[in-house]
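Should a chain be cited, it is by its letter among A, B, C, D, E and F, assigned in written order, with residues numbered from 1 in that chain.
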Amino acid sequence: MEFVRTGIDGVDGLFSMNGYPMGNSILVLGGPGSGKSIFGMQYLYKGATVYNEPGIYVALEETPKKVERNVASFGWDVSKLSEEGKITIIDATTPRIKEVDDDVVRSGLGIDNLITNLKEMVEKTGAKRVVIDSLSLIAFHSSDDFELRTKLIRLSVSLSEMDVTTLVLAEASSNEIGTSVFPPETFLFDGVIWMVLDTSSQERRLAIRKMRGTKHVLGAFRFIIDDDGIQIKA
Amino acid sequence: MEFVRTGIDGVDGLFSMNGYPMGNSILVLGGPGSGKSIFGMQYLYKGATVYNEPGIYVALEETPKKVERNVASFGWDVSKLSEEGKITIIDATTPRIKEVDDDVVRSGLGIDNLITNLKEMVEKTGAKRVVIDSLSLIAFHSSDDFELRTKLIRLSVSLSEMDVTTLVLAEASSNEIGTSVFPPETFLFDGVIWMVLDTSSQERRLAIRKMRGTKHVLGAFRFIIDDDGIQIKA
Amino acid sequence: MEFVRTGIDGVDGLFSMNGYPMGNSILVLGGPGSGKSIFGMQYLYKGATVYNEPGIYVALEETPKKVERNVASFGWDVSKLSEEGKITIIDATTPRIKEVDDDVVRSGLGIDNLITNLKEMVEKTGAKRVVIDSLSLIAFHSSDDFELRTKLIRLSVSLSEMDVTTLVLAEASSNEIGTSVFPPETFLFDGVIWMVLDTSSQERRLAIRKMRGTKHVLGAFRFIIDDDGIQIKA
Amino acid sequence: MEFVRTGIDGVDGLFSMNGYPMGNSILVLGGPGSGKSIFGMQYLYKGATVYNEPGIYVALEETPKKVERNVASFGWDVSKLSEEGKITIIDATTPRIKEVDDDVVRSGLGIDNLITNLKEMVEKTGAKRVVIDSLSLIAFHSSDDFELRTKLIRLSVSLSEMDVTTLVLAEASSNEIGTSVFPPETFLFDGVIWMVLDTSSQERRLAIRKMRGTKHVLGAFRFIIDDDGIQIKA
Amino acid sequence: MEFVRTGIDGVDGLFSMNGYPMGNSILVLGGPGSGKSIFGMQYLYKGATVYNEPGIYVALEETPKKVERNVASFGWDVSKLSEEGKITIIDATTPRIKEVDDDVVRSGLGIDNLITNLKEMVEKTGAKRVVIDSLSLIAFHSSDDFELRTKLIRLSVSLSEMDVTTLVLAEASSNEIGTSVFPPETFLFDGVIWMVLDTSSQERRLAIRKMRGTKHVLGAFRFIIDDDGIQIKA
Amino acid sequence: MEFVRTGIDGVDGLFSMNGYPMGNSILVLGGPGSGKSIFGMQYLYKGATVYNEPGIYVALEETPKKVERNVASFGWDVSKLSEEGKITIIDATTPRIKEVDDDVVRSGLGIDNLITNLKEMVEKTGAKRVVIDSLSLIAFHSSDDFELRTKLIRLSVSLSEMDVTTLVLAEASSNEIGTSVFPPETFLFDGVIWMVLDTSSQERRLAIRKMRGTKHVLGAFRFIIDDDGIQIKA
């Protein structure tokens, strides 16, 4: 089995094989402001600049322009990497606007379009890394739990057929450590990473709660967001 | 990237760039009496009087007259600023009365009218700052979660197309610190500010829980409401 | 802005302007036996006997006769004040009986009748103070949340059009201090007063949680119910 | 106003006027085995044997025979009092069996029959005291909350028209002290008495949480069930 | 009134009359693995071998063969007692399989068949003791709460007409002491016995929470399951 | 009665008869990453390599290829055992994809196909051990609770007719010790094993909460996942 280096300071060392098992789909859970989107883009940025692995960012919540702007303060020139074909941002916000026509939203057509677009782009760019931001928006577009689950199964099966290692970002309803009820769809993923903010100590922490195909450390590790992005502190 | 000064004593210093990233939509959450409406009007007042940035207050809960009256004790002459075109209050309570006809409410027509009116007024006044008071009333008019989410996506997309920095006020179901479950729509916003009242210490506190495009401090900061409005205490 | 004196011992002093802002609609929340009804009637009684302001008591839960009887032990002769036109009790229990015919209840006709009756009576008596006892019964008659919210908006808008300062009594599901989840309709009101019973210390407490248009103290204040009614203790 | 002596050792002294205000409808809440049924029958027994006030026991849960048997160990010969016309047990379990025919249950016909029977029996026996055992069974027969509330309003209005002082027994979902969420229909009653079992100290306690028309003590009082029934301990 | 000896070591002494009041229907609540089924079979076994009272075990969850196997390790030869007519196991799992045809399940026909079979068997065998294992499976077969409640009322009324003392076993959602929310149907039973496992002390405990017609001790008593079955420890 | 050795270090000794009662269906509950799938495969691997008992792994969540890959790091060559007919993986993910056609999913046809396939395979391979991974996916495919329960009863009855000892894996919503609310379908199983991660001590623990037909230890036992798989630590 091969393993994917995240390249994020201190994260790879949390796994016995120094990275994610290649091909895994990993759920990244965190409350508002927990740093999920930064984590996702840093994974693609390191892939593009250090490991020569192209990546795709599926932007469901924000326009590509805003996605680029949000990480500009870390000195990550996503716009340039995009021109070089190393990071591709799929603008899934445009279909979002169209989807607000009720019939389309409810038919689930949206998820199939998304999967088709993603597949084409993976083949075209040779991407090895995918970030989907976010599962919450897919859930938001689903009229009931059954529809959401059907969409998730389609997405999960499709991702397992592409040769990519994926982070799926999802908003948790709490930002505190110790609130540990998992969303019911967790078992569809090969891994779960939890990013939280301990409001009493004012510290950010990251914990790996599941990772199929490798052993991993069990604790919650302090991390900071500084001028270079996310960094695990010893 | 440009940044917007709130002008509220002690708030701008909580962000590494001394203000909100321009263009952000920010959710201001707080329980009853937490000071959300004062925070929102103070943001517009400072914009109008200190930074020469016109603003719009979308009054869904109260008539413009009552909105003006509520902040009169701080010496903010909103009526005069309104005549000068520096603060415009959109009276969204009149449509509210009309909307109680069941068909209109359920059709979601209301949100489109609101967006259209807001767009026109932004263009006409050159407003840079918008306050929507409140999301709770929009939710109140929605017959189910799916309708609310559809409205929120329309509003969110529309706000991102206007060149404004927006505060959307929302009532939390608790006024206590430590009750930190976020409403599910939080991820649609670029930022989240939480205003709470610690009932044991009888102190008001404000915390930034998320702000895309800038680093920010993590703690909860004591603030007071005195004769000049809101003020962060060291 | 003008302010209304409650005349209840120790209550007016909790507000920076010594009373409620005139025209406010205030939610009075409390568990069973918390003293809400006594608070409401004392507000009308003081208005009628001390400040020469006529009042209206909308009795949804109990017949006027029972309302009068319940406060007789405080020496408040509501029957006499009623004859003098200083306190008017609207018997909204009679329509209540009629409303149990399913069609009428579900049509929401009830709330419109109530509003119409209240308006007429305000004009006729020159009432400045209104007490609605209780919101819980209005909720009880609503077949779903959407119907209730529609009723509340109609009531809220109508109250803001009359020139009265209103207390709306509502039953909380707990009588303990520290249980502080607010009902979702709270934001429709200009103020919230919470009356609780601390079962461990066996003390009654009152707290102002919101009051638009005036500053107020933040703490919870001990009160007693003695032979003269409600009284805040220092 | 007149007051009704319960005659139960130590209970009357908890009210400033030594008893319930005559005409009140009082909810007696308690978990399984809390002693509600014993409290109810003791109230009737004392009325019949000490105060010469006839009483009616509406037996919805158990047959009259079982009701009599359950209190036989206290030496209360209900059968004899029944022959003397001092205590009448209305067997509401027979209609219960009939009501399991779906149409009848859902029509709400049951509650009207019950009210009619109760009225006739009150007139016939001159009863001053009524016990309804239990509200839980009425709820059990209701297909939704709206139907239940409609039934409760009919019952509540009807009881207020009869010249009786009523205890309505209701099963709480917990038997512990400190679990103090009230059922939503509480506000329809003039009083609430809570009977609980403190499982840590293994002590039974009784608390008055509401009583219109009289002041009452606020604490929770230890009681025992011994050979004479319920008895408050100092 | 007569009383039934359970014959289980230490249980009878928890009641002032050394046993259950004859004719009572008793709910035995406990989490998975709490020992409910063993308690039920031990009650029948002791009845058959010590008190010469035949018993019936209604096996809804498992086949009679498996029921017998499960208690074989205690040396209870249920198979032999069955041949002697002292313990009869009604196989209610066969109808269970048939019932998965949707129409039959939803019609509630199942409960009537069960009652009819039970009545016939009680008459035929002269059974004095009945165990129904379990209420949970009856609930499982009910499409909504209303259907379940209708079934329970039919069962409750039918049991009260037979001359038997019944244990109805039901699975609680927790196995811990201190989780004491009762299921809503509890009030239909004359008694409630709670069997729990204190996971911190790793001790099993049994508590009587209600028993009509007799006084009982209030505490929770430690018990063990050893080679002879259940045994209360002093 | 016969007993099945798991062969997992330290697990068999937790049962008084050194293993599961043969024929039992056992629910293995745990949060994401608790080690359920490893436990399941280790049970089959030990059966195949130590006890010469063939096994079947019903893979609903992942393709057989991924299942094999996930345990490769323990040195378990499932692929080879599969060729030798000692472990058979039923690929239930292919029907999963088909099932996303709405009609098929809702008809419950899926579960019958699964049962039929499993029966055939048990007969063909002489399997004595079955692992179903996972119940959560079956629940995921059910449009409501009633459908799920119907499926579970069919599965439960079918498993009891085959001569196999089965582990059914199910995802719990929490990974913490002390969160002990059981899912409602627990009583359909003969045993319950709980696998949790104590996040404060960073230790994994395993507890047996129910096992029909044998006595078992009550505590929660620390285990580790090392290069050889799961191992209970003294």
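Note that in this section contacts are C-beta pairs under 8 Å (C-beta built on N, C-alpha and C of every residue); 3 or more make two chains touch, one makes a residue touch a chain.
Source: prediction; values computed, not measured.
Could you give the fewest steps needed to travel from chain D to chain E through chains in contact?
So the least number of steps between the two chains is 1.
Could you classify the chain A-chain F contact as same or different, where same means more than half of all interface residue numbers appear on both copies?
Interface between chain A and chain F is built from largely different residues.
Once chain B is fitted to chain C on CA atoms, what angle does the rotation have, in steps of 5 degrees?
Answer in degrees: 60, to the nearest 5.
When the centre of a chain is set as the mean of its C-alpha atoms, what distance in Å lies between chain C and chain E?
The computed centroid separation for chain C versus chain E comes out at 51 Å.
I'd like the Å distance between the centres of chain C and chain D, where a centre is the mean of that chain's Cα atoms.
30
Two-or-more-chain contact residues of chain E, please, as numbers and ranges.
none
Determine the shape of the graph in which chains are vertices and touching pairs are edges (line, ring, star, complete, other).
Here the contact pattern is a ring, one closed loop where every chain has two partners.
Which of the residues in chain C come into contact with chain D in the complex?
These residues of chain C touch chain D: 31-33, 37, 61-63, 66, 69-70, 72-73, 93, 96-97, 100, 102, 105, 134, 136-137, 140-141, 143, 171, 173-176, 197, 199, 202-204, 225-226.
In their complex, what parts of chain C are in touch with chain B?
Touching chain B: residues 1, 21, 23, 146, 149-150, 153-154, 157, 160, 178, 180-182, 184-189, 191-192, 207-215, 218-220 of chain C.
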